[in-house]
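One chain, chain A, appears in both complexes that follow, with chain B as partner in the first and chain C in the second.
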Partner chain A sequence: MSAAEWRNAMNAGSGRLAMGKVLVLPPQEKTESWTRKNPIRARHVLVLGFLLAFPMYATPFLTYQIGAQSLALGLIALSLTFLGGYGGMVSLAQMTVAGVAGYMLAVFGASGEAALSLGWSWWIAVPIAIVIATLVGTAIGWLSVRTEGIYTIMITLAVGVAFYYLCLQNYSVLNGFQGFQRVYAPTVLGINLREPVPFYFLVLACALGGYFLAKYILRAPFGIAMQGIRDNPRRMNALGFHVMAHRVAAYAVAGLIAAVGGVLFTWYNGLVTPGSVGTSWLINILVIAVLGGMRHPIGPFIGAIVFVLLQTFAIDLIDRERFNLVIGGVFLAIVLFSPDGLLGLWAALKSRFPSGSKFLTPRGGIR
Partner chain B sequence: MKKRTFVRTLVGAAVLAVFSGVAYSQQTVKIGLLSNLEGPFAAGGADGMRGAELAIKQKNGMAGGRKIELIKASSDAKPDVAVNATRKLVEQDKVDIMVGPLSGGEGIAVKEYSKTQPNITFINGSSGAQATTLVNPSPNFFRFNTEGAQWMVGLGKAALDKGYKRVMVIAEDYAFPYSQVQGFMSEYCRLGGKVPVKAWVPLGGKDYASVIARIPKDVDALVVILGGADAVNFLNQYEAAGGDKPMIGGSITVSQDVLNYKGKRRDSLVGTIAGAPIADSFDAPEFKAFVADYQKNYPVSAGGYPSPSLFALVYYINMKAALDGLDAVKGDLSGGQAKYREALTKMVLKTPVGDVRLDSNRQAIGTTFITEVVKDAQGNLSNRVLRKVDGIDQMLGMKKEDFKMGSRDEPNCP
Partner chain C sequence: MATVAGPAQRELLSTGDALRLEGVSRSFGALKAVENFSFSVAAGERRAVIGANGAGKTTLFNVITGDYAATSGRVRFFGEDVTAHPPYERIRAGMRRTYQSSLLFRDLTVRDNLFLAVRGVARGRFSFLHPGRASTTRAAAEGLLERVRLTHVGDEPVAMLSHGQQRQLEIGMALAGAPRLILFDEPAAGLSPAERRELVVLLNALPKHMSFILIEHDLEIALRVVDRVTVMHNGRMLKEGTPAEIENDPEVQEIYMGQAGHA
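Moving on, here comes the complex of A and B:
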């Protein structure tokens, strides 16, 4: 029995009940969809066209603060969606991995702290930062895969908080409370990547890369096995899959995505401080992933856009002393009315107006 | 003929002046105000906003003949959040002048951002990091408040006057206490005092047992530079351990929390000296007027403090500088605000605590108060002004070549 067949067998069974009628599809059709090449639909062209044209008509502020920030945060949240939605492992330490990348970028590359930064060129510093952060992400995975559910959340939270305090109190390498200022994107081939439009396209390219990487892996045998492990690890084990190895590998892939996101987010802010890896950011990444929906790799990007828009403009909507109420209220409403986030709303609309198209997504992740 | 030309020119100039005056007064000046309405300084940040609003209220919302439109934003003491909020105010809401942010790390980050917006003038809120104006200063970032090291100048001498020849420093482990310790020690060491031990404790620490164990027998006093709750925790544990050394406080140590301390050592707090840019009991008429105005506009029932906090005063001072600058140039912000900046640079700002001038890095040269805790007839503890030190610059009276920024190991006199 192949992983896909096994999966369908599971899907047809009681495991589906929780999802309601939305995703109940004939097994036969589903098997085909895993091998069939995904056709390009109108909405894909529309979204890509919009993303490419966005900086042409948006102000530099919108391009940079809304566009680039959303995509960079979305990339970090994508790593959580990948782990949580498809691997069943909710890790709160993804922002930590991103933060490690940011800190390593500042330590090996150039920053305002000339005494602590090594000042290497970006083309050495960036790969080193990404490699180290990916290794840290893998190590966190290796540490936490022996746990399940809430214990995974606890152990990754503990790792994240530990790293926060390390950053706060280590002065010899990480510059303590101050962190690193002036960690700027480089000028490459005469293009200053600090400028809003070039930076936007850099982040867009990385976000698309991350998105398609996630999509590709989720359809590759490894991704299928990972989803199998999410749904029933004992069964997968019995089928001869090495559960731990798959899970650690999933953390490694997520670590890579988060690391790239971390480099971009650090460049976006131009700084990295302990506040960048504090608990509020660990939770924010989870909020973004849940808000968007963990059923599809596009979810975290949608979640990030909503999150950034709210963070930026909520203060204009209401009394300035109370704007956090709006942010909290909107988050609460989304999660309350659609447990699967904004993607869930989309799916609910689709099922209400069936048009023959198939909304194929794996099952929601957090259990 | 000549005379007629002259008259014409005069009339023409007058008409022009009137028109340009009209043109300016028709436009509002947008001022962005960034403080903390969330995070650890939310209460202080709200009071900072009150201070800034008070400065605008006192001028009836007008400066330089133009109406002031205030746009507020919030941060949570994190530099990245502060820059995001500032960027929104500058690039989206198109403010002409920025006032903020609140805390040190934010200040450095906003100063760096200000370099990318050369046509906007940035004035500090209450952030007090030394590095903001000492390391890579920005030509359009102004700070009319003194910072952490300046706030402690005069305390070293006061400590020696009390007969404290050797002291131990207990301070939180980040930039602000470093500055405070430097402000104290640079003077104290110069005048012959000794600091054999410095203990750096984590911010928000709960257990001070190891620090208390390290207090040498032969020190005369403890320099305790801890924020509100940390200071009370330390006092409790020090009392439980049987300690009896007198205390010297930082600018935020001897707060109301500490004065309300109910432990057995309460009486030993009497005589504690501290340095700060504000003293509730300062009796200059300008300061009394400021306090009365604050109390009138923000009574305790409406969420104000019984007396304006450090944040309210400092935000007030910086906002007042922004408005006085507008008055000085009659609302003329043309030419990339060049004239306005010129006016700010040369201004002698009248504040409730004395005159403030700027140095070449656009950093305030101002006043510090040395206070002492006293007990009144009802047994309540309060701060009394012991001494007022004027004209303190950021070099703390040192030559530029000799000056090094405060850190764990600088200055040093064991």
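Moving on, here comes the complex of A and C:
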């Protein structure tokens, strides 16, 4: 369109001509819309089919160590994507929330430390653990929403480190350095959830639940308000939104997701110790979320798969003491080439091959 | 936040002032951006605030909406002292504003922007449930879309709109809910002549009970749509009067219009 055409269109007062020619652009997945249609596509069916069929073909080792672990870690990282990618609040304390859930599960439920654990049934201990961890997540949010950017990272890191030392030094409730061993998944309706395949399906069900919950909330008024607050908190205030309250509520939702992930990760490990909530794990969750990409709720799960694969098999490529170098190198390479993580790489590849014009459909809105 | 009106407030309510500023000042360190500013805008009145760049007009708006706390003085909105209220409470009470440079959500669609504006002053801000097709919020957003003539770009991200359309959207967002007083901060800035004509039509078509205050450098627009004009100079009120009085005031001509003429 020439400058003259543009000027004429503008002076005519409508701008329709101008808009009609420039508006066919790729959708930006990082922002959800109130009612954007997301029809079920072949790739969705394929992914779900693969996830359901995976234990049928994979060895128990792959099912448990790779599949279940990735999904549990992905769920915890999803809570960070929800906060960071959509709310603009990068919290390093999401593993702390997951750790609180794990510790509470061990304290109220059964563990190898019979003197400290109350030994209550799983159906009492699990809800209590999730509620307490969600409350802790909300409290961390209440503490940190007054800060932004690097200060949020610092304050949540401080909370995480403080909890780590609390776990390390408190012997009367948290059993200090030893933590709690033998915190196992229960047997429900005759199904032993400790077995790789049942445990995989349990984690898969929770991961799908978390994924769809996040997707749903992000398109609900609350989620759109969250994204508005991420982009421009001052403007949201000037629209009548209580920005701080919204942010605390977002921490509560993220806390719930992290708490469920924490229970599953504790069952996966069969233990919870100060090492489970140490600084390296706080950072690992951030690495997983960034590695996958924070522009879509699927990102943390992709990041978790890559992270777990590297963590499990890097040792075959390089010396035991140096396998972290491989993880760090891959992380560095992905972030360098694509700031949006693996999802960003995928989007870049798709834009190179736009022949399937689905990618060029305009975005939806309220219809 | 509901408060019980005391005798003093009841007296103010009876006078019908939509907004009353009493000795309002706002300083940034040693700089006094607004100094001892007092004025009132009656319910239904349309007021222009004019003045040279740096006169303190936008700071005055920020103090009125609560974006900046007043260093001293009182802000009363329909008789209620809102000086200590945060911006979102003032907005929920019926105050709205537009910004000098568009502060829109550029990645969201035009509809979603209007939806946010409607939702911000309605119940259900924390709703985790998707609004149904029959939702009043949706209907209100659609109504605003038509009112500001942006229906044809409703599904487009704001980043794709022309500057003029973004200004129209700003106005649409300010009209969400049941505004009682709207503060327009240079709504005509950067608009083409045709868009300026549309703006004048839009402002004149606002319901008569709705007060508004307009900061505008284009006096052709300002003087065509307002009942009274306040002239600011160096953070203080210089003059107040009808558009005709202000236009013919030699001091205003020298300080403001002379400068505008040279611009």
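Keep this in mind: the second predicted complex is superposed on the first by the 314 of 367 C-alpha atoms of A that agree within 3 Å, B and C clash if a C-alpha of one lies under 4 Å from a C-alpha of the other, contacts with A are read in each partner's own complex, and residues count from 1 in each chain.
Following the convention adopted for this analysis, contacts are C-beta pairs under 8 Å (C-beta built on N, C-alpha and C of every residue); 3 or more make two chains touch, one makes a residue touch a chain.
Quantities reported herein were computed from a predicted structural model and do not represent experimental measurements.
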First, second, both or neither for A:312, with chain B first and chain C second: first
Contacts of A:271 with chain B and chain C, given as first, second, both or neither: first
Partner chain in contact with A:177 - chain B first, chain C second, else both or neither: first
More chain A residues in contact - chain B or chain C: C
Touching partner for A:234 - first (chain B), second (chain C), both, neither: second
Which of chain B and chain C A:60 touches, first, second, both or neither: first
First, second, both or neither for A:156, with chain B first and chain C second: neither
Partner chain(s) touched by A:94 [first = chain B, second = chain C, both, neither]: neither
Interface residues, chain A side, partner chain C - complex: 7, 10-16, 18-19, 22-23, 25, 28, 30-31, 33-35, 216-217, 219-222, 224-225, 227-228, 231-232, 234-243, 245-246, 249, 362-367
Parts of chain A lying in touch with chain B, wherever the complex brings them together: 59-62, 64-65, 69, 112, 165, 168-169, 171, 176-179, 181-182, 269-271, 273, 275-276, 278, 280, 311-312, 315, 320-321, 323-324
Contacting residues of chain C [partner chain A, same complex]: 65, 67, 86-88, 91-92, 97, 99, 103-112, 115-117, 119-121, 124-131, 137-138, 141-142, 149, 152-157, 160-162, 164-165, 173, 176-177, 192-195, 197-198
Chain A-touching residues of chain B, taken from the complex the two chains share: 37-38, 46, 72-74, 76-81, 83-84, 87-88, 91-92, 105, 108-109, 112-113, 131, 135-136, 173-175, 202-203, 408
